[in-house]
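In what follows, structures are represented as structure tokens.
Okay, so subunit A shows up in both of these, paired with subunit B first and subunit C after.
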Partner chain A sequence: MSGIVLEKVTKKYGDKLIIEDLNLTIESGSFTVLVGPSGCGKSTTLRMIAGLEHSTEGSIHIGGVSMNQVEPGKRNLAMVFQNYALYPTMTVEKNIEYGLKNNKVPKEERQRLITEIAETVGLTRHLHKKPEFLSGGERQRVALARAMVKKPAVFLMDEPLSNLDAKLRQQMRAELIELHKKLGATFVYVTHDQVEAMSMGTRIVLMDGGKVMQEDNPHNLYYDPANLFSSRFIGTPPMNILALDRCGEEIRKLAPQQARYLGFRPEKAKFTLEPGMEPDNTVSLTGTLSGRELLGSEIIYKVLLENGLIISVKCFDRPERELEAVRLYVKKEHLAFFDAQEQRVRVAAQSGISTAGSIGDSA
Partner chain B sequence: MRVWLRLPGAGLRIIVSVLLIVIFLMPFYWMILTAFKTLGEVLRMPPKFWVDSLQWQNFRDAFTRINFLHYTRNSLIITLGTMLGQLVVVVPAAYAFARYQFKGKNALFGIVLATMMIPGQLIFLPIFVMFAKSGLLNTYVSLIVPFIASGTAIFMLRQTFMQVPDSQLEAARLDNASEFKIIYTIMMPAAVPTLSTLALLTFIGTWNSYFFPLVWTTTDAVRTLPLGIQKLQDVEGLSPQIVMAGNMMLIVPILLVFLIARKQIIKAFTYMGVK
Partner chain C sequence: MKRLHPSVKVLPYLLVAPAVIILTVFYLYPILYNIYLSFFTWNMRGPMKFAGLSNYAELFSGRDFLHTLLNTLLYMVMDVGLVMVLAMGLALFLQKNTPLNRFIQTLSFTPNIISLVSVSLIWMWLMNTDTGLFNYLLSVLGAAPVGWLTDKDVALFSLVLVSVWKSVGFNALIICSALGSIPGYLYEAAALDNASKRSVFFQITLKMISPTLFFLILMNIIGSFQVFETINIMTQGGPSNATNTLIFSIYKQSFEYYRVGYASAMAVVLMGIVGLITIFYFKALNKRVHYR
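== the complex of A and B ==
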């Protein structure tokens, strides 16, 4: 119905290549998050879907219809901007009404829709105020209401939560997930925040330098990264990456031939052999604890390994450890290998980095 | 309240302020005073700074000695015509210069700015010849059209339009608004202070204009109120009190408009200053 397909899309500003040969399919009804560092092309991609930028080459289809010649206002989509982009000279009501009016919706119908939407997002009290008299959260709601009232098939959101404070952001995150479930529309959400991406998306498109690095669901993106970039971008702290030639014989023996790097998640390294861990299904590393960071439920240690590399270890044990020499154990199935091109090299008979030990298990 | 009164040097400041006010208000006071005097009082030496009885008939004389209504009508038509014409030309031009990328944009904008730097007195003659050749002499068109494409107005409005964030226009485009609608519902409401300032400047400039209506007309047909007032001097010899009464009637509309638009004008100038 309202799936979005980008085919061989390229975008250049002058000679500068922003997006190169992008092929992307966004399924109808999905909550797709475009995530990546600044300048990776995620906002440009969103703006091309909206029609605010023209692609230099390639085609964009929404619901099976080519959008290349379609004006932004006729694409049956709505966008929520980072700075909300409310019309400052209009009241909240007029802001919400603007798109309906331009689409020639009759007056009674408009009134009914506005009343309904104002109740849904809790703006009824504020309908006759101008945006400057609203708080950040309220403005965000107006922006959402303005988008929702048009009942579009596609919602585009360009970092809509980044101007809110942490608490409100968390609340709005939950509300957006609810909203997506309720409306069943296609959501395309741009953010640079991997936590937002992981917590909201049903599908995540990880971008860097104008290219898609990995496209997958949140679980696979975390537990089964396709390359070094993914493994480093997702996760706090990021995956520990060690150059294989600086590791011991025990580990090098395990690595596939073309592998150059070894990676494992910080929470997969243990200070003791826990239940299920045997000497023959784990590898061990030795080093010295060099730093400690308390984050409430978890503690993050910095470990200076014997080979001179520094890694992070996340653990939930109490009490905190003294900063002294330690031995670390990692199950073999939790190791991921990458080749010289930074692509994942899979060990035979290994599908993920142990999806068996799923999210809750690490606690 | 009045914090500055308590600051050091406040005394000096008050003296300077009062002095400035007197310098600015003195000519006005003298005009008003003269308008209410008799001819005898006007000519008296040393001059008197007050009148004992107000000579209201000076106004009636000013009104009847020339065809006051004829000149007022001409002034109104030319002033409103110029304002309307500017609205039609200046707003889209400023929007295009502020928001569109097109070939030759910078060169065109340079030409617009250049028009601000050429004094009209330098080019009034060729324009007069042009009007004469095309049969436009003594028409309203000849006194309206040359002032419609105002470089100052285009420049000022362009600056204001450029301050409207891109995302607001993009939001409007996604809301299926046409370009005309964007200008009308997004840009112009955002530029109300600038628009009212420009309207006032145009109003004062056109209403008071003396030079161009004088040199671009050969008959009284489309001449404006300032020229009519000038004529009061020639009719029936020396009568400064009646000229001053006419002048007072001339400036009343300007005062009225200024009082109405004062808030917006102050806003426009502080807005431009702060940014």
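== the complex of A and C ==
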């Protein structure tokens, strides 16, 4: 009922093409994350849904109704801005109340809603303060409360956590997931942080250069990237990508004909043959450990391969290895191949790199 | 703690001395001497005669001074009110940064750089009852001529017009820059909050530029108390004292009638009024005006 459909949406600033022919369906009740590097058009997309920008071409529907002629305030949505955009001249209470007042909600009702929402987000003590006297986390809550109090069908969030410190960010992430479950509204969340995208989204739309690179659930996006961009954007460290023509005969034999690149996730490379790994279902690479990063539970090694390429290997065993010559094993099913256009080439009978389910409909 | 060399102890006083000396000689001493003078009768040449509070008594008993005070306040209210409203309107109109708007902005600013004496002479000619352009235009429209500077009900307003013409552009320029510094996201947030244009103007625009408006109002109030050139050139305080303001009256009493003590008493009253307004201004500033 509050699904969002973008049809053939194009956005130009003067001659500069920001978004080209974007088709996107955001399901009602989903937590959809638009993620991508800066300048990929994710914020512009969000702002067009909000009505703060007009699309140059194409149409936007919310809940089946065309929004092209509808003012932002009449779209039954709320937005949380990156810098919160609180009204500095108004107290917290007035900030929350402003939208209700404009929507002609009666006074007693407004008072009830504000008290209720302040309770929910823990702002009761701060209702009569002005935003300048609040900490970053408290301002964030005011911004959320201001959005929530309107009970909109759609929540738009433009990097709402990027101004918070790491600890608070993690806490707010969990709270937003809770909030989404509780409200059941459609959430559209913009971020450049893949961790936020992976941890919060039920659906992720990965964008680059104004185009959708892949649209899928977090699991498939990680384990079944549709192209080189996806494989490199998602994951820390990103997927190891090797040019096939620099690889040995053993690997080249496995590759489909049109493949140009080979990729595998850093944690799929093992230093020993583990249970389930046989010489005939793995490939091996030799190289030298050239660096080591201890990240607590995991260790990331840099490996200089014989062919001169550097890859990352993530491993969870202890103790840390000496920086010396090593042999790496990767299961064949964990290899992904990409063609000259950087698109995924699937090996026959391979339905995903790992045990992933169906292949997502990649864009 | 190490004992400081005596010269180091003196150094701070030496460093602030120039400022203190200048302030004392050119600001503090004249103020105090002015207050001192207000208790004497003196014609600038003869001996000074102590008069107690009689200067003040004369001020508040005669009708002339109260008339002058009323003129000053009337002039202030009309001048500040008109300037602020027109400047605000002009600034809102010029808000979009187009070449035409920049041109209009420059144009409306030019009166501010012209000497007030030339301005007064030109407006005096325009407002001349018999030969002025204004009355010529009125006659073309079939209206009766107006005694811009000769009718005692109009003259003060005519002086206000000149002042408004001169300062509206400058005020608009300042308001324009204040408007430009309001972050755009506030308007976006308001749009999402379904705010009407009226509400956006009163709740966001006006409140965000309130420090600037407040500052301009104070500057204009103080400026309006100091109006002198236009009166001196265009009306000489007439007709029948209709444009006689405090400052002009002080000037007349001291430098034409040589009643220095009486004029000083007036100056003390003026200082008191301006001081009160300033105190009120800062009090209100702390309470009501929003600062980021």
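Heads up, the rule we're going with is that the second predicted complex is superposed on the first by the 355 of 363 C-alpha atoms of A that agree within 3 Å, B and C clash if a C-alpha of one lies under 4 Å from a C-alpha of the other, contacts with A are read in each partner's own complex, and residues count from 1 in each chain.
One rule holds in what follows: a contact is a pair of C-beta atoms (placed from the backbone, for glycine too) under 8 Å apart; a residue touches a chain by one contact, two chains touch by 3 or more.
Keep in mind that what you see is a predicted model, and the values were worked out from it rather than measured.
Enquirer: Determine, for the superposed arrangement built on subunit A, whether subunit B and subunit C clash or fit.
Expert: Taken together on subunit A, subunit C would clash with subunit B, as the superposition shows.
Enquirer: Which of the two partners, first being subunit B and second being subunit C, lies in contact with A:108: first, second, both, or neither?
Expert: A:108 sits against neither subunit B nor subunit C.
Enquirer: A:324 contacts which: subunit B (first), subunit C (second), both, neither?
Expert: In the superposition, A:324 touches no partner, neither subunit B nor subunit C.
Enquirer: Considering only the touch criterion stated at the top, classify A:278 as touching first (subunit B), second (subunit C), both, or neither.
Expert: So A:278 meets neither subunit B nor subunit C here.
Enquirer: For A:98, decide between first (touching subunit B), second (touching subunit C), both and neither.
Expert: So A:98 meets both subunit B and subunit C here.
Enquirer: For A:245, is the partner it touches subunit B (first), subunit C (second), both, or none of the two (neither)?
Expert: A:245: touches no partner chain.
Enquirer: Tell me which partner A:79 touches in the superposition: subunit B (first), subunit C (second), both or neither.
Expert: Both partners, subunit B and subunit C.
Enquirer: Could you tell me if A:132 is touching subunit B, subunit C, both of them or neither one (first, second, both, neither)?
Expert: In the superposed model, A:132 contacts subunit C only, not subunit B.
Enquirer: Overlap the subunit B and subunit C contact sets on subunit A and report the shared residues.
Expert: The overlap between the subunit B and subunit C interfaces on subunit A comprises residues 50-52, 71-74, 77-79, 81, 83, 85-90, 98-99, 102-103, 146, 150.
Enquirer: Per the contact definition, I'd like the list of subunit A residues that touch subunit B in the complex.
Expert: Counting only subunit A, the residues touching subunit B are 50-52, 71-74, 77-79, 81-83, 85-90, 98-99, 102-103, 146, 150.
Enquirer: Which of the residues in subunit B end up touching subunit A in this complex?
Expert: Going through subunit B, the ones touching subunit A are 165, 167-168, 170-178, 181, 185-186, 189-190, 192.
Enquirer: Mind pulling up the subunit A residues that touch subunit C in the complex?
Expert: 50-52, 71-74, 77-79, 81, 83, 85-90, 98-99, 102-103, 130, 132, 146, 150
Enquirer: In the complex of these two chains, what residues of subunit C are touching subunit A?
Expert: 183, 185-186, 188-196, 199, 203-204, 207-208, 210, 290, 292
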